[in-house]
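I've put the structures underneath this note.
Two complexes follow with chain A in common, the first pairing it with chain B and the second with chain C.
== the complex of A and B ==
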């Protein structure tokens, strides 16, 4: 077998056992090159990106849009049909269930690589506020874009100057005036469908190809194996990874990028360990229709993201346009499966309850979902009755002069769920032991996977891509071999710690809220309420979540 | 020869108090290299004085080369490209070296014809294209495994790499074959390695747009003669770029005590402190012997926090836009260890081919 440990490649040690060590989760087989070499056409590339998801496509786009790196010969390999994304023309009353919140930092990157202007402004929703509260104690924290004082004038803002996001199609200069003159702040995040971002990316990629960038997109193509050859018979580029495709081609590449997701075959090839755990939680996504009369701050057009921490996991509702919202409900695997099967009417009632009822009441309701997803009680009536009791309690509390979470802003009422939009997926936390090896680099989910509660997964991936594109540019301009481990190390040292910090923070949050144990609830509620009252700390949290708090740029 | 002799004498005089130190610490290490690696290097007699001139036979002509030093690096030749090997620090130093060369060539006007200029994030401006050095012939004296030479060729230059060790040249040739960008066909740059000395190359009548010799002069036997030959290899109006290490307590601490003995980042015996040359000495040597006008001196230091080499501020204030902590450092501390020097050869000067003056 000529398949070697990446480390062995570097040190020149042959490992005959290495082929047996491949992890079973790798979806590809690792074949000997001898078997394939005869029949295949081999082509040389500077960069081969495995995985045409948002991270992989964004990297291709970033490289193609930069003067130095646009001279590279790039291949993008994707198992699915990428050209479908360009034909994406959704109905105004239909939203995909995979929605991401893009931080201002991600948006400025998308602007820089020309993707943001490709997007349809009617399908990008600004999120200008965030309401996060504890389902057990009712302790609440409210984030508002105007809380992030100094965003407009701070040094960090100067770094990103000219990149303050505006909705696609909106005149940038007008917005700048607003930013300098009035109190109107840029949103905390922008909500849009992942498919929408893909549409913008693919349009840009086609544009780059048309203007002569050597960018080959292999769609509907699977990677069959990745090898390196070494020894006497090796080609001059023997230590370059060779990617065998199912179309018979072999791509030999100076730099192999794994943008191939959580079970990354590229990561397996590079023998990079992935560390972490599965949460005993599933996320349930869905597209919700909300009652326009109950959406908060009517007339201001303000999108608010709502998130309530329940002992089973957080439930979040993210604003979309046209009276739609996107749901991400983290809960136990069983409840997630039950919720998927529940009739739409009862499901909506339960979503509304999950944002208002007590955890004990929710427990009762979960137990009344039958084995086939049929409601064993009338959920709507149950919840109406309970809500009326709550309202009475609330008014009594207010009469007694106390404060109650019931007095706070309420999320809009869900009236419908889009057909076939409910889908559960397992929640995981993963971080690769390293993001780089000689001639191999990992980005996005291949490098790290995060709990979706903070909506940071895609933003971390885009930050990886932005950093890697910059590192590649710097290498090119200093005449370095872009695949050399020393050329890639700055990427790893810049991204590893921020990603780990985000993973750790989100993981701790998840664990902190995944309980109704009294002292913990008391302590965390005290913390949440205190932070809500402390401007500077809250400010820092928001900057971190908005991607504004990045380590100082160096390259 | 008179002026060379004076300068040599001066350098020797400055060095001599440290010979004791050099023997006690460094000689055993050098000896170890020689005993543990009994290689047959293509023996060139080295000469410890400046009396030998180029009219001797070819083997004897290499009067600036130090035999022990060649043997030392030859013994490590297969390690040149190991990412974590003994030359890791040189690998890491390569990007700022290139940045320095690129910026100095830009400042001296050598790159004016090559494309649009722009600024890479926070750094000095330079040509932003892939091949800013296209059209320049560059000589790299003491190229070792070709770390710098490959990078220069990737940026479009026609590079000649020179090394007195055949092992280094062989390693460099093998490694260059791995990259199609260096084959002279698919990209504008080209790369040629020669197992020769600077003197031999000069005898053949070669001159180059740019001559560089990075961290070499502190390893040669006769720095004065070396500087003179380098100057002669530069075309009129061409550029000479050197880097070496200052002879200061700081440099002893960093390059020998810390790097060799404590951190083991480079093998013990790599450096000889007494051979280090201070910026003012090099400045004078380049002006008097290489006959080039010194335009810039700039320090470079390893930042352990970032794990990267960073350029410090230079005497003329340029380079202050360098990213990184050490970019804040100014002279004289900035030049107290590793530093660069850039010089330009005037148009009018003609040097007799026989090397006498």
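== the complex of A and C ==
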């Protein structure tokens, strides 16, 4: 009878989406006594990481590569097949559709844990500049890697941390590198496929296992339920979480890490609330083939990321190598689905139009996508007509040079889209009410989810991982329990505010640009133009986006 | 504080400017952060060259003076067509843009923008229209022109709109005005024109129609004003907002249809008590 009940409970909590995961807790005791009977299936770990995505794998890697934490017994649980990542061998003319921009801060972390050197440099593109503009008013801001003084940390941060910058005369040893031109300015970011980062991470993990780190990877394994080990019998582990796997094993752990994504089962187990909202937007990703010679930016726009804010959401083209680019197009759910079905030729025409045509024109084209994705009008002809009207007016307006949009660089033309690379996904904003509970900690998307318009989601996750690994190391060195909430609080207090600030900033930006209401457009355009011309403020924004706000002493 | 920023940014940025070849203009700007914070165009300088036949490029200052001046003149004498036209053009700004955008959403509107048909006595072939049976839109249109002793050719050309396409939109708006009279049955009287302006305001939101709608009634007698607000305005607001956007109508192709059919298809009831 009791086993039947336990079974019912287990099936009840099998769905990771169940928001009432913690409800059958009282009944769980049956199972824990049952598990005691089959004690062989229970194993103890120091750290169990649920979720083998980039954040989870990077944490395993960081812990294994650090001397103090490499003695820990670590488990990494992933529902999918991780060994696929190691076998990853893409063709040079094929790119996966999920591409992320890695900030200098994230890259230095990946270097530190030995992952960066595993990557194929021909598949990493440096982003040297950014062109961001308003699709309604045309107001534009440009970022250039050479604008950023990459040596010192953010001025604002220096002021707030009381770390008064040394006068230029004293501190010129670090500047020297830049001044004599021997060292290039750091790119704003590096673009690479998420799969590529995963490949590097898994290679490192295998390497760590080979040199004897107690790291167990449970791939193709699902978490069936998480309970708290209770009762007098399991004395030292009195309150440790127990993770039941679908292979029959139960992992009892000192510290449980939730790196299990937006609908984190670990977060539900810890009864941590997740606050936020869904944008009524979808992001459409895809791999584009471009003709670089059509860009009017210097150097044929090599290494430039383009982003245009449309009333339906921003569209961004991120540079990859060899004439490829990655698309992230945020738009309404319906349009995203329609864009996915559109024939490649018309889709490319529409992407090109989305970077140049008026929002009204785009609206007409969206409306003329049939239920099966077929264009109801001749897209190429319609776009060509509007482009010619546009170009003519632009050239005439420039005769006297009054226009502010004079000389705006044009992105390269899209000539093709890789087959089956178009995929829509919902956009949301979430932040957990807390990142830590006793013996539970959340990292990456499980802790927070952000709109992709600033390309910060993965970087925030890696910053979490970097911080958590450092906090765990500190606890180990001071001899305290790594799972104790007091040991974990420094992680929470260091990451919560920066993440919230980023989430808030990106959310406000998204809302600010999600309208074509006249006065709002006017105000935001004035603001954008002003910031574009105010070097120091722009510099601070870039450092914030590049993750350079951290004090230099940490690195 | 700001001095600190400059000492920190300036030397290295300037040096990089000099050493890197692919430098963009933004570099130069960031080196002198506040000198060129905003570059306003002089209010005395016209922004463009001549964009189309009849275009008169004017500066923002001239535009303001012309708008205010024409508003007062038009209010004093609504029959000064040139002043009404100047008022419409100088205040149209972003609203013409909006009409153009609405036209771009509609297949007919796009066809009009693409082909840019003009309405003159020649293109309309008024003599042919006179042969049409009574009650057809074309016959009633010519009857209206003959009664008022006007011709499509007497329309003031567009002068002050700084965009070729928007100038065409303005011109089209003006050229199709007479069809509105035929459609609604409103006469060319002061209160009739004001009622039509209310109708157009509900349709397009052009500021000029608003100015006429709100200030025009000042010229009416109390009796006329009562009729305007009790009968015409409710009719105009209702029919203007529910009917099809008349800028998207290719009137030239509707001439043989009976007026009632045209009214029904466009969702506009004839104005009562005319």
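Here is the rule we use: the second predicted complex is superposed on the first by the 461 of 555 C-alpha atoms of A that agree within 3 Å, B and C clash if a C-alpha of one lies under 4 Å from a C-alpha of the other, contacts with A are read in each partner's own complex, and residues count from 1 in each chain.
Here, a residue touches a chain if its C-beta (ideal position, glycine included) is under 8 Å from a C-beta of that chain, and two chains touch if they have at least 3 such contacts.
Just so we're clear, the structure is a prediction, and the values are computed from it rather than from any experiment.
Legend: residue contacts after superposition of the two complexes on their common chain; A:504 is shown touching neither chain B nor chain C.
Between chain B and chain C, more residues of chain A are touched by C. Touch criterion met: A:358 reaches chain C, while chain B stays clear of it.
Once the two complexes are laid over each other on the shared chain, residue contacts for A:370 go to neither chain B nor chain C. Within the superposed three-chain model, A:144 lies in touch with chain C and out of touch with chain B [touch as defined at top].
Contacts of A:385 after superposition on the shared chain: chain C is touched, whereas chain B is not.
Of the two partner chains, chain C is the only one that A:129 touches; chain B does not reach it.
Only residues 10-11, 44, 67-68, 71, 236-239, 254, 438, 470, 473-481, 484-486, 489-490, 493, 553-555 of chain A touch chain B when the two sit together in their complex.
On the chain A side of its complex with chain C, the touching residues are 129, 142, 144, 146-147, 149, 152, 155, 165, 168, 175, 178-179, 181, 185, 298-299, 358-361, 363-364, 367, 382, 385-386, 389, 392-393, 396-397, 399-400, 402-403, 518, 529-530, 532-536, 538-539.
Every residue of chain C that touches chain A in the complex is listed here, in rising order: 2, 4-9, 11-13, 15-17, 19-20, 22-24, 26-27, 29-34, 36-38, 41, 45-49, 51, 94, 100-102, 104-105, 110, 114, 162-165. Chain B makes touch with chain A in their complex at residues 82-83, 88, 91-92, 94-95, 98-99, 102, 118, 120-122, 126, 128-130, 150-155, 177-180, 306-308, 323-324.
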